[in-house]
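Two complexes, one shared chain (chain A), two partners (chain B, chain C).
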Partner chain A sequence: MSDTRTRRVAGATDSQQGDHPSGDNRFDLVDKHLKRARYEQDQLIETLHVAQDVFGYLSEDILIYVARALRLPPSMVYGVATFYHLFTFDPPGDHSCTVCTGTACFVKGADDIVQAVSDTYSVPAGETSEDGSLTLKTARCLGSCGLAPVVVFDGNVLGHQDTESTLELVAGAVGGGG
Partner chain B sequence: MRDTRPTVNISFDGVDYEGYVGESVLECARRNGVTIPSLCFLEGLSVWGGCRICVVEVAEGHRLRPACATQVTPDMEIKIETPRLRAYRKSVLELLFAEGNHVCAVCVSNGKCELQDMAVFSGMDHVRYDYQAPRREVDASHPKYVFDPNRCILCTRCVRVCDEIEGAHVWDISYRGEHAELITEMNRPWGDSLSCTWCGKCVAVCPTGSLAYEGRSIGEMEHDPVMIKRLAVARSRGEWLDPEGAI
Partner chain C sequence: MAAPIDLHEVMEREREERFRTRWRVKACSSTACLSAGAGATIKAMEDLVERDDMVLEVQVIPTGCMGLCSAGPLIRMMRRGGDEADYRNVTPEAAVEIVRSHVLDEEPVPEYQLDTSMPFFTSQERVVLANGGVINPDRIESYVAHGGYQALEKALTTMKPKAVVEEIRKSGIRGRGGAGYPVASKWSLLAAASGKTKYVVANGDEGDPGAYMDRTIMEDDPHRLIEGIAIAAYATGANQAYIYVRAEYPRAIERLDRAIRVARRNRLLGRKILDTNFDLTVEVRIGAGAFVCGEETALMASIEGRRGTPQLRPPYPTEKGLWGSPTMINNVETLANIAPIISRGGDWFASLGTEKSTGTKVFALAGDITNTGLIEVPMGTTLREIVEDIGGGIPDGKQFKAAQTGGPSGGCIPSKFLDTPVDYDSLRELGSIMGSGGLIVMDEDVQMPDVAKYFMEFSMDESCGKCTPCRVGTVQMHNLLQRLCDGTGSKQDLRDLEHLCSVVRDTSLCGLGQAAPNPVISTLQYFRDEYIALIDQQEVVHA
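== the complex of A and B ==
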């Protein structure tokens, strides 16, 4: 995820010589989408998706930027963005660990995995650790129930995980924990 | 002024009435003096259909439909007072009371509250559901008004009046489900809002004590939702000094 982000941003700065007025060239990518969408107000959700892709999350500045570009009231943009679970408002951690808590994974002990990672790195499910190194998320069902319990670490889907293997995995990328 | 719109024959609880094509069931009932209880509906604003208090039974299959968002059709048989509907309305009200923190005894609108009136009208004397008792912060940052989300039932009258009549769109609803809450601009204190014109229409239309004038004590807040109808008539017909005729 972070790799894709840097690559995209790098690509943007290469192709667009001029600096974005905001001082952050990543807004060029949002502008590009807005232009393609002809600044139509019904493109709000798509624009928010693009902005989240580019920045990794939606900050208040980004929401205000989108509201201005589409000439929409800020409260409406905020309302739409918060309505959907897919939009996040906190910067994601360097690494992400998503544990599936769907029925099959739950039966196979997904809750223990969540609890273990949460305790070891003192990060509540759905949030990012204080040092910004790890985001712990839960998913409803990833559709691979045969692999239960499923853990997605930095975009890689891993089946048949247990507490130990998951902790090992996270420790390998993030560090000792605690 | 004679109305020349085409008409349809409909009936409310077995009594025949005449409805206009394109009219909603609720509008038709109000025009004919038939009572259908409602909460989020307000004449002069767009239809929201969110409170589900105004549901009626329509004969074909006894389907429940919101009267405010259903148009009259020829030979429509509408039931308003049936045991099922009475029970349904009561449940909806109980859920509204369980969802927020509605404590009438300490509310600015005690005795002048549409939600309270509705509970009395429907005979809702207790709540069968667990109170959610959410923790919600009162926003008293505005110099003239106070917003108490604990008393909010998310009828969106304020959202609609601010957008449609005043044209400022200061209010909107954030998040969803049990976490849904009214916000001003980017979820910033109301007092910091740049777009709020202080017009007070949102306060005028609030059916509960959620929006009130600053400094009102228990039972001292009287809202004026009919103001919107007066304003609509004034603007459309150019009649500003005839509030009686407007209502």
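== the complex of A and C ==
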């Protein structure tokens, strides 16, 4: 295993370079959390959340970094990270479209919305389009069942959506659709 | 150490604040209303008050969920010591009009007025949600003004831990997470457990799709949950508690974190609570998207930072739980019921609901129904009252087909059982379960094999993989359902499906695996003809 301290994480820009030994100051935010958690091993899931917030996804380097900091075997960190659905290992697209597929949204036709966006932008649910412009996700239930079907676009929760309104929304931000 | 909060002084102060202005506008700022645009509505009213110099006349108060989510954003105009008027679908422009009309002309605006005499409001009994639409969830003072933390004070200063457990036993309350285990029995087990360290855990991993009762409690009344946890810990001798929240609920996490900090500052948590000898630390732990973590042994593994896979029981958590110490896990809604039980007495609680299912139950009413939202009714209310009266029936003149309760572990109840009282035992008899409280109404257009397939896909995705019957069985059942729904299934597929249902139910390790076949079993029981029709269709095509 290579020494992560001297390696840079892909995606770090010059402005983010600084004093952190990795050359990427975003690790400072992870360190800050680790310190506050007193490097307790049961803080693994919380730490992974912080790391994903900071970096947008969990690269192999980040997982190894967290494993070392918490003195856990990398296999365990990898096992935990891959067990939970919310952790992602690929960089996210510029825009994200999450369609809720909870029961209420299912009854109200959420599957058609997923299919339409997926077909229009050639992006399977759970993945990012080839040009990196759009990530299409499904959620199990966002708990806004009174507003079904619900779509979350770039963090904005939108209720009572249908295929047309969602495609319009995505086209407005990502463009294309043809 | 700072002095603890003086509950009575805060109440007095809040009362004065309440009478400071002639008008108060309560504006629902729960997640559903915010999604419907409540943020802009509230901003418009605040700007109006500022611009038109009405600061001494009107105060705008953001509150928790008012219930009728499908009509959001909701606001309530309240005149000092007098009338109230509720409004629905309040856009920013409408809000300005409504506030002006009330304050300047003393006239309501009928166009947006909400009829609060309709059964949606009058048939409910609000205990858990009593503070929804009433208090400002971000201010502990607002909670205290409505009786908050008095139950904790009463328990700590006038009751022995045993007396608290006894009161809970009298109330007859059963766990609101789904299985309906008597709460007092669990509490006694932890109280009797030996060991220096004991833990209380609030289960806020509300994973059933279609359920958002716990989220609303955590977001809109966080102190109610904290008070319940503190009373539970006092009664059982625990000094450390965790609230396990789904990561999908960032707002709940933020509000709970803040509420815990504020409670600590006011000596309602931490060391020597309210100057007694009771110490309690409460921490929030965040999930990361795994349905199985709602199962108590998996939840504990997740709190310890591990993969959330369940363990065989016994030993039960009350013997050997978190880090090997005795641990008690209660659902969020259960704990939200504790403060009212201690304040008003177990007998009062037992007088609500039915003999074996006491109290009220919160349901998230959704699907093909006119009034969607969060409701709370006494246990034993019939499904018909919920669907037809409170829910306002099925829209577009369509027919009711089934109500789904209990999520992926529950079942579908057909129209012939609409008069069944909703309580733990009646639902179980019908092959469904109470579950955490998601209630999805389906109209005639919904195909039941599709519903079964939908839930099986969910269980297949969420199977943790530890035991074979659930890991392999759910995939095979999904394949069979897929074939049947596509119209390419055979009679043998249906037989295989039924066989697998019993294998997975009888041999899975944890409750989630054992319950995974339930949606299939119940739709086969009540809507078998729909499955048969799918097969016949195929046989006709081949002929």
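In this text, the second predicted complex is superposed on the first by the 158 of 178 C-alpha atoms of A that agree within 3 Å, B and C clash if a C-alpha of one lies under 4 Å from a C-alpha of the other, contacts with A are read in each partner's own complex, and residues count from 1 in each chain.
Convention: a contact is a pair of C-beta atoms (placed from the backbone, for glycine too) under 8 Å apart; a residue touches a chain by one contact, two chains touch by 3 or more.
Fair warning: this is a prediction, and the values are worked out from it, not measured in the lab.
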{"item": "Chain B versus chain C as contact partner of A:49, first or second or both or neither", "value": "second"}
{"item": "First (chain B), second (chain C), both or neither touched by A:83", "value": "both"}
{"item": "Touching partner for A:74 - first (chain B), second (chain C), both, neither", "value": "first"}
{"item": "Chain B versus chain C as contact partner of A:143, first or second or both or neither", "value": "second"}
{"item": "Partner chain(s) touched by A:157 [first = chain B, second = chain C, both, neither]", "value": "second"}
{"item": "Intersection of chain A interface sets (partners chain B, chain C)", "value": "76, 79, 83"}
{"item": "Chain A partner contacts - residues on chain C that touch it in the complex", "value": "31-32, 34-36, 69-70, 72, 206-212, 215, 247-249, 285-291, 302-308, 364, 366-368, 372-374, 404, 407, 438, 440, 442, 446, 454, 458, 464"}
{"item": "List of chain A residues in touch with chain B within their complex", "value": "60, 63-64, 73-76, 78-79, 82-83"}
{"item": "Footprint of chain C on chain A - complex, ascending", "value": "41-46, 48-49, 76, 79-80, 83-87, 101-104, 106-108, 139-148, 150, 157-159"}
{"item": "Of chain B, residues touching chain A in the complex", "value": "163, 168-176, 183-187, 195"}
